[in-house]
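Two complexes are shown next, each including chain A; its partner changes from chain B in the first to chain C in the second.
What follows is the complex of A and B.
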């Protein structure tokens, strides 16, 4: 008979797992690295047109007139789209809170530089861009709201007039006796912090091919879609089509990181197809469009924060006040991003009470979108900086102060004041391993020598918790309806014993196809190459969500295990029937269904599947000839939020300590990373190589946020960074090669004990680097509290003490 | 990001190329030379440059060579930068130019980008023009009226503008060979490896009886063209190679700069500071190589 929940890889029905927990070669890589995977720009459909989009040069302006006649008259131009078409056919984007969404193309006025104003579908992209030059738009510039502070100034211009204010949301969460903690504290450290806009920059920008079926009134969209099911629901709302008439086909993607965006591009290409008699229309967002107004801008945040500390170093309270510049509206789920820190508000620490005072405002900057981590990277920058400031104030070593405040292993499951429950962890073991790996005492001695010689050397030791496997229950607190986040798969065995796992998501780079195949192969006892993982289109796939919130590795594992378990039950029944015994006498082991009493007697998967498909006469009467099983996994034990937003939201809590040593050049302000050490604990490592890749990538993006990347806006909300010449993603020359070690505390609540681990490094790296820089600067009595700590910024600071 | 329409020619010979350029010039057609395309192609794609015609020099194999003759290193304009970087002859004959080449962009950019293209493009943040001023390089151009040789000091006019005529092709760059004992250095501050510099400095000097002499110093990335730091050169001439002297010279050089340019990564004031720091460090490095 079938087994219960598999807590560890050892529980799989094989003598020894051959794939789970091993650094197996990833199935998806040959197609990805050779470029032969069907990326959206590799795909062409017959009769396809190409779209180019005219974008607003103004941050805020009324549209007086658009003349498209010259463009329409050009040979090769099939359709031209303007806001008038959207007003006629569409709704504005659905947002939470309600009413902060624009149409996918400007109607009446533009709200940011780069907002689509008109679009052309032509025989090729060159011609489409030529046609854009023929479109005349008359604007009447309006006073603009350049930043978050301006948004709340009395008399400020309104981004959404009908709202009567630029404040999208404002509320205070109170958890525990915050005021008492601060009143009774021996020390209070408080400060302001600024996290400038950064964001996702996948290798491939957004792209799609949309085709409107004019007779069936249905829409098919191929594209680089991160979350197909949500894309279908969103399009249904804006394009006024029933969701089951929208078919979203996710192509393999050249990365995502949350920034793929796509709603506007999809709507525009779809409407152009509608206007061009249903011919397919391809839209490939170019890098300038992406940087200007794609999904790549996130986290434009101003903080005021404070920590209450006792003389012995016990941290008792945390207050964070956040003013968040969402840009021109809430179309990018920005409220969720601000609420995500609720899942781990107090980090690794036993902080009793906390307050989160949240104000989200609209400005005339580009709308912000999700980015890997979805909120905690800036939050941890603030929290960990405060902890370092407290350590300096107390004259304590920052590692020791952290140790003193960690949640202890015996306290798990541990509920943080903001409501989420951490499943397990050994934070001190992770810290000690990191200190040993880096030889911390030696680094401090080196630092002392360097300081004596006048060099600015600093060390950062930062620990964080990574909430893994998100559920949308916690976001209900910021107005997003509580929507479940299921993950469904179908596992099918064919007549030759091959196994197909059908999933609802496509490749994005993280390697979940491989994880699905590892789990299926070890459960069913077949070779990994006998397993094929395939993507089903959104309209026929089982309920699913896909990548996001450090969830998919764990979720797809749970789904595959669930489906395999159902198959196991089914196969045991069939075999028992064939062998004239009861299902309890049959078991699955190493790919065979065998008699428990006489293991030499049994059948292979292929034999069972073949019998089921070909010999209905041999089947038990109530068994269908279908050697397949569906399973939709969802995290167990999730709870609805209370009035203070408290709920069990994320299933797992991974943990890491990053240790970094930097040197700041006193004369140029340039920071060099001298060494980087990481110890992390994400429970069972389903594929250690994949975990390693996730960490490396997260570190790279963290280095970017801490030192290089920044979407700069001018005083009148003009974007000043619109190409990769100025948006500085660190290269292999800037990203340190880190030394790593591992602690494994399997999750007691997740399938096979794995924890979500896609975001931990980007949560930790920016804080670690900023703390190290401030450690370096501390002898001078200055500190940097704004990211990125670019040379220009540090030099200005150093000027104060020159 | 697709170029506006243009006509395309890829002549087989240099005279053919010049004839084409001359014809377009007299017909009032805006023609542009295309070499490695590393600067021109992005400008076309962004429609910042919109020539009606491109004359591609890629078939002119005769402009792809590296030779040393009579104390001069000559490099054909169409030589890929990567070839110069990998050439032992370049490294031995003119190590400063070689070091500058290694700082240009990334391997991919150096594979496609030509040596001549960088001079003709005259990007103020490029390493080559500064090296050209320090070394007194010469640029050879061929046009309808024949060949002429232009000293580096007369070649760079202003931001992305040279003294080349629209009908002229830059065919060769000429460098004096390095003389044993001459110290050299090039340093820059770029945000990332391979980025164009926010500021940079190139230097050469010799030591005669314990004093600095023949000091040449030029900065790039700060003004519309690379500039000699004459105040620094003069101050250091005849002085001992000591940190305090380098610092004094560097401060004078940076202090006398015309108002440096400013961008999101570096203010004018910060660029001036960078020139001072880099000049000081460059002088020390050059002196350490001089005998």
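What follows is the complex of A and C.
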């Protein structure tokens, strides 16, 4: 009969797991290294048209008139779309909080540079772009709201007039006796911090092909969709179609990191198809469109923050005041980024009380979207910088100050002031391993010698908690309802013993198809290559979410285990019936259903599946001829939030310490990374090579955020960054080769003990680098509290003391 | 739009003759006229290197090259690498699989084509030489460390194959 919860890989019904926990090569890769994977722009449909979008050059302007007649008259142009069509057929985007969404194409006024104003469907993309040049738009510029501070200035222009204010949300969370902690503190360190806009920038931009079925009143969209089911729900709301008439087919994606975007592009292509009598319309966003107005801008934040510290180094209180520039509304769910830190507000530390004073405002910058980490990277930059400032004030080593304040292993499960419960961890073990790996004492001695020689060398030692397996409840306070995030799979065995795992998501890079196959293969005792993982379209897939919030590795594992367990129960019943015994006498082991009392007697999966499919006369009367099982997993034990947002939200708490040594060049302000060391604990490593890849990729994005990447806006909200010449993604020359070691503390609450691990490195790297730079600058009495610490920014600081 | 021009080009050993608009980029020509979809587009302004192909043996940006410019040239794309009879991966492709040198895989064909050129000219490159060769290719997923390892592995296997 079926086993209970599988806490560790050793609990799988095989003598020795062959795939789980091993560095297996990925199922995904052959199609990717040969260039044959079907990314959206590799897909063509018969009669397909190509879309190009005309975008606003103004940050804030009334649209007086649009003349599309010349474009419509062009040979090869099939349809032209403007805001008037949207007004007639659509609703504005649904947002959280509600009421801060625009139509997918500007109606009456534009709110940011790059907002779609008109679009053309033509027989090829070149011609569609020619047609855009024939569209005449008259604008009346309006006073604009260029940044977060301007948004709250009395008399400021309103981005959404009907709201009467640019403040999307303003509230204070109070957790514990914050005022008393600060009143009783021996030291208070406080400061302001600025995190400038960065974003996902996957190498593939957003793309889709939409086809409106005019007779069936239905819509089919192929595209680079990260969360197909939610894309269908969102389109249902904007396009006024029942959600079950929207079929979202996710193609393999060239990266996502949360910032793929897609709602506006999908709506526009869909409506062009509707106007072009149902011909399919392809829209492939180009890089300039992505950088201007795609899903790639996140975290535009102004902070004031303070730490209460006792003389012995005990940190007792944390206050964070955040003014967050959401851009032109909440359509990209950037608001969630501000709520996410609730899952780990106080990081690794036993801080008793905390306050989060949060103001989210709308401006005439591009709307903000998720980006890997979804909020904590800037928060940890602030928290960890304060910890370093406290260490300097107390004259303590920053690693020792952290050690003194860590949550201790025996304190888990540990509830942080902001309400989430951490499952497990060994923070001091991780720290000590990192210090040993880097030979910290030697690095400090090197630093002392270099300083004596006048060089600016600094060391950052930063530990963070990565909340893994997100839950909607964490975001309730910005207006996202719900508890639980279903992830469903179907596991089917065919007559020859091949196994199919049908999932609701497609490839995005993190290797979850491989994880699903590893788990299914080890549970069912088959070779990994006997397992095929396939994506089901959104209208027939089980409830699912897909990639996001460091959850899919864990949740797909839970779903596959659940479905395999149901198959095991079913197969045991069939075999018991055939062998005239009871199901309790039958067990699954190494791919065979066998008699417990006589293991030599049994049936293979193929024999059982074949019997079910082809010999219904032999089945128990109430068993369907269906060797398949569905299972929809959601994290156990999640709770509804209280009035202060407190709840059990993210299921797992991974932990890492990053140690980095940098040198700042006095003459140029350029930062060089001299060494980088990482010790990571994400519980059971389902595929260690994939985990390493997640860490290394997160480090690279963290290096970008700390040193290079920034969406710069001019004083009038004009974006000054529109190409990769301006938005500086780190190359192979800028990303350090890190030395790594591992601690494994299996999660007691997750399937096989795995913890979410996609976001830990980007939580940690920016803070570690910024702390290292400030350690380097500390002899000069200056510090950088704004990201990225670009050469220009550091050079200007250095001039103050030159 | 202007009158179409004739392009005669050899792609992956096969000769093509097509009439194209002068403004048609090489990458659009490869992808949409010849249906060789393995060469990807990342920025269309020459920074990301996703569209890298070999033009007369030298790596080049097919987004900044016009189709009419390769008239008379030989172009090599990712589709040429797999063994046509067995379907076996090229040693560089296999090394990227074995050393986990990719995640989403969208930038991978560009990296592999750049690596083809590098290892042809320098069979035993140092890490610094690999970095110099690949610093015109952006990857947003891997952080490059596994790409470095993949190129090292491919170089070793190609050298051993040559000696064997």
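As a convention for this text, the second predicted complex is superposed on the first by the 800 of 802 C-alpha atoms of A that agree within 3 Å, B and C clash if a C-alpha of one lies under 4 Å from a C-alpha of the other, contacts with A are read in each partner's own complex, and residues count from 1 in each chain.
Note that a contact is a pair of C-beta atoms (placed from the backbone, for glycine too) under 8 Å apart; a residue touches a chain by one contact, two chains touch by 3 or more.
Remember, predicted model here, so these are calculated numbers, not experimental data.
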Chain B versus chain C as contact partner of A:59, first or second or both or neither: neither
Chain B versus chain C as contact partner of A:668, first or second or both or neither: first
Touching partner for A:791 - first (chain B), second (chain C), both, neither: first
Chain B versus chain C as contact partner of A:701, first or second or both or neither: second
Touched partner set for A:720, first chain B, second chain C, both or neither: first
Partner chain(s) touched by A:262 [first = chain B, second = chain C, both, neither]: neither
Partner chain in contact with A:735 - chain B first, chain C second, else both or neither: second
Greater residue coverage of chain A in the superposed arrangement, chain B or chain C: C
Chain B versus chain C as contact partner of A:126, first or second or both or neither: both
Contacts of A:758 with chain B and chain C, given as first, second, both or neither: neither
Common interface residues of chain A - those touching chain B in one complex and chain C in the other: 126, 130, 286-288, 725, 731, 733
Complex contacts: residues of chain A adjacent to chain C: 23, 25-26, 28-37, 39, 41-42, 126-127, 130, 200-205, 252-257, 286-288, 507-511, 689-690, 692-693, 695-701, 723-725, 729, 731-733, 735, 737-738
Residue ranges of chain B touching chain A (in the complex, touch as defined): 1-5, 46-47, 189, 191-196, 263-267, 270, 273-274, 277
Chain C - residues contacting chain A, complex: 1, 21, 23-24, 31, 37-45, 47-48, 50, 77-79, 81-82, 89, 93-94, 96-98, 100, 102-109, 112, 130-131, 134-148
Contact set on chain A toward chain B in their complex: 125-126, 129-130, 133, 286-288, 667-668, 670, 708, 710, 712, 720-721, 725-726, 728, 730-731, 733-734, 790-792, 795-796
